[in-house]
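Naming follows writing order (A, B, C and D), and every chain is counted from residue 1.
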């Protein structure tokens, strides 16, 4: 078995943490039990490019136990957890290529190492592995299809498909309701608060929190801020969303006005330059800024840096002092606050995302005639995962009776 | 001027109430001011079949002041408010045909009276006026198009369209976001609680409330129950919605199990036989049942009646006593609790619905080449109404900057 | 049997409503069952001066079934429900003196009628019956003691006691935790919202609600406003309470500033002139004002009337138009909005209040050596009522183990 | 200058963190500015025994700048932050005695070092410094009085006072409303959630959280759990509190029953053996247990250990595996979860506690005739701190007008 990891002696520590994560991955647990016996992936090689975390480890084990040979490289060297890598190699006999902090060169060598195994199926996060197979298709001969985890990756894939360049079918896991919906509203909602608490230890109760963007992320964040006792202001550019925020009991105003009253500001718009130096100039001294959108473009850090002096005051917290003495604080250098300052989504949320990955792989394997396009996760998989999650939590729900089915159908047809 | 109303001397009282409603119809107010001058409906006759309420009166006045001649008949004789009818006739010179409690015969005579004016545009609620023009098209010659307020009406229209029988274009106002979304979540949410309080005067705090159905209505009702201090249980047949309810902090269980612990039960599924005699047999003595779905089929009243003795204990509240002495209470005979036991949607909610009606009429008039189909409300009208509502509430929001527009566009294209 | 009521033929209707109230008076129900057998009040005459409502009727029946002869007069002619009076006379053989709308003269005659029965125990609401026995003690010879329901009454009694004029012991039911605490926070909280909805039918969601006073009433009202989707502002004069309001996530500001942004204003300070003409001048046109404090002094109606023209627009809702066209709306003429515009406290809340009355009477009867003072309800009665309420709701709680009792005691003693 | 600290080179790092804490200590900031000039403590030596944290550092600086010489020893060697100690010595010239992890012997030497300075005033946390002066009063000659921060310390002091052994007046800072009320409800509420998130990274939304004890801590914890999306169950032994919990919308049940449904359990009763092995046997595998009460006696860890195998799975999280494979997880070894697994109370909360300390010292100095008793913080200090906190947060409130004062007074007197 081949691998490239930091230190195999970390395997025991890795195992404890992977086990803990598995406690809250009820759907993967059910799927693992179910497919360990009939091994749907028997004889297949599956190449994965993912963040090497405890949750990913559990997906890898699921795929392995379902019969596949598994090869894993890191989708980002900064997120690689070396103890998890060690555990996968030592205890689960999975080939892992990735060390925390790997250079750019090593990063691509790791990808190459997975490619060399000529996988039948691919699991990607950010599209780097799939892209590599498109740049050099000498190793792509066995590929049945792939899955992609992220919005960013899906956009790259759609662009390929539009230009007729996509070489195999890809399922966009990100679009599943049981993925993006729970990620955004419940995952980001909680982990943003978590990131703020860990990096500042401020009392949220009594604060005025400004949330820019009232999409699913923004709703989750606003709800959690309110739940912790903050008074919440929403800023929006979409009139319908703004009206919903008003009806949900929040104050809504332009960001330039909110700048004057906020104590803490979180951006979640998915757009650029939401908090610019103009807003910062209006803010109170002591204001805290963080980003829960995507990338690190929502807060204009360049503008801030050019107008102030910077020093680090706590882990994940920088202080910027203006010439007039006013201080602005920025969380995690404007990167995603839940990833940079906390631990990202809880396992329970990743569970549904990765269950989509697992069943999407199975779908690809069972439907070999799919043309090279970007596909949504089939709706029945989406529903099935919600069902399994409920079952895993010990929650039962109703089923439509025959009479009710008939009633609904007649109604839908307008007869 | 022709009309058929109860008592024209009620006009003053009607005016007061219509004025009060107008206080909270900010969008109609803005539209009235805007179109009173250039009179877009000048020279047009507009026939309307709507509930004759204070909110409808304000829509009628808007249309009149925008230049049209207006003819109004009742879409339901039981909802007709005679003072409002008197006000419209006496003060606004609008032809109204409808008395509270009109017979079936009078009901259709009233519709006929509106038809006879050979209207250019039609506003309908339940599709009876439009249907009449389809049964007898001798008076339909001038019709440019129509709008329809309700789900039920739209279903009938889609059926006509599918069979190639629709004679003119109809805009389905019900489908606008600013209509159904606010109606369901905020309107039904509040007015269901209102209906319960008026008909029972029970203390909601400390009660266990069971809400069947976690669609937009159910979410609104659940949120308001929680807001009044109840402990809320959700029952659902859809696994995804059920999982959302769990994540929102509610208990989720089968309705048969919820039946044993609930103090008050509200159905909002849009389906039939949700609370059957089987559930009722499991309920505690004193349980209160109401329906906020549609029609009166969600609670099995026939089953209940056959197993118990009925008496009325308060306005809008019937007591059913089983042979073993157990008592079950039903609100408003299982009809929509917010309409039967309270005053339906607040004016502020109807404002958006009727603003859609008004602008949809204007759209029909300005686009005379529309083929006979069922149309959605154009998206720009929907957005515009949200904007006007915010403006009417004195709330300002942000606009995308040129830089942000560019960023979003580049992103959407994946470049 | 002697009585003075409106119309004995209303008895059946009265019975239905009294039965309905009894459904939610779990503690009275338990006490009724318990004391119907051993009849602790056997041989005693009990004179009561209370609001003649469905809840009072149930207390009367409890006392009667516990062995007493009961005489009831109205504590306020405007709250007398004639059907309830008829029911008590016809079905329960209780002497009732009171007609809805009785004159001042009749009011005192009714009191006199109760006095003439030379009661052993007295139940009072507002202290008029007790005062009458102090003005003319020729009929007071049998009196063992009395109970008083209200703050106002208790203040009058404390004044008597301080001056050495009190002639028999009185238990201040108002001070029991199970009375004032639940009345204020849960009763007033809900019924204030109820009163607003019934008299205006406005959409609370999206409104800015200003609550003056963050005592127990104010907290209840603020919580319910938030629960219905309003954005809530608190005004306070006490810094500690203001700080709690801030930490609870509300905005706090001076009332003069809140005046500019509020849509609806509720006073609950227990003080005078909270909303004066100065605040009203700053308010937006359309602002709605109501009072949930005590009496009708919190809103300066005299000032408002002198600056504007008044007309009634709905039941319980007056419109005041200023010379510049601005309109201000006042609920229930500034009297307690939950009593004037809704039905007062729900039965479930009155249940605990009246259970205190019942057990306080029993306490007086069993402790005949109490000196003429104003007493708190004994703490064990207070706790007992909470226990019975829980039991009546089917809720079980823990008991301290022997080990825990010992631990707590050792701790309290600091050993 | 004398001191005993770990490493003076940590001073810069300490300063950054102390500065950050000061950002949210608005009351200390106002008091520092106010008393830096007239130096009320000039010529006094003040001996302090406190947790050496960033918040304590700010109190020390306040006292120093107000004119005193300050001597600080650690109240617990495990909470000492060495960088903070270094900062106080190097930058603020304050004598500090304490290293993280000091032995029991060093701990008492440090106390002795403070005693030797013969302080005029004492600030204590847990009563060890005050006790030491009682055991050996040769150095107590200058003492004017002392303040005590904790419940535990106050209990020891009350015991001394009761036995006539107390030698100087002590003000019980813990009893101030602005101390215990905000500590418990807002401080413990948030930091308990914080501790859970840091040590588990679980998704709170959708979990069933069981909170034992509905005192101020329990209310805070329950509110925050609900705010994060959990479904909350309360267990109580007090019927009144239990009833409040029911009315607040929570489920209430015996702990033995809650044991079967809970996912996470937090104790906050202040009593012993709340979660015993009997409850643990009923729990689901995966249940997480934590304590937010006092000491570590609420969870029966001895019982748990004897029935299971233990291993550590994450920082601050131990797994106990029963013979049947069931797993129970315990946070921070059953010690206070907010201190053991997070950073304790936020600075904003400690601000009010320490402002009480500061003003209580000033009160002692200005009232030298106080007899040796345990005193409450004077009410005007309590109110003043709430006022300053509001001012520091930029929040203004109303004052009673002359008319209102008169009204309230007349009312209170019942005239």
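Operating definition for what follows: a contact is a pair of C-beta atoms (placed from the backbone, for glycine too) under 8 Å apart; a residue touches a chain by one contact, two chains touch by 3 or more.
Nothing here was measured: the structure is a model prediction, and the numbers come from that model.
Because chain C and chain D carry the same sequence, their contact can be compared by residue number, and over half of the numbers here are used by both.
Across the assembly, the mean Cα position most removed from that of chain C is the one of A. Remark: chain C and chain D have CA centroids separated by 39 Å (rounded to whole angstrom). Taking each chain's centre as the average of its CA atoms, chain B and chain C sit 37 Å apart. Looking at chain B, residues 186, 205-206, 226, 229, 246-247, 393 sit in touch with two or more other chains.
Across the complex, chain B meets chain D through its residues 205-206, 226, 229-231, 246-251. Put simply, chain D touches chain A in their complex at residues 16-17, 19-20, 23-24, 186-187, 189-190, 193-194, 197-198, 200-206, 223-224, 226-229, 284, 286, 311-314, 317, 319, 327, 342-343, 346-349, 393-394.
Listed in rising order, the residues of chain A touching chain B in the complex are 155-156, 158-159, 177-178, 181-182, 185-186, 235-237, 239-240, 242-244, 246-247, 252-255, 257, 270-273, 297, 382-383, 386-387, 389-390, 393, 395-401, 403-404, 407-408, 411, 413-415.
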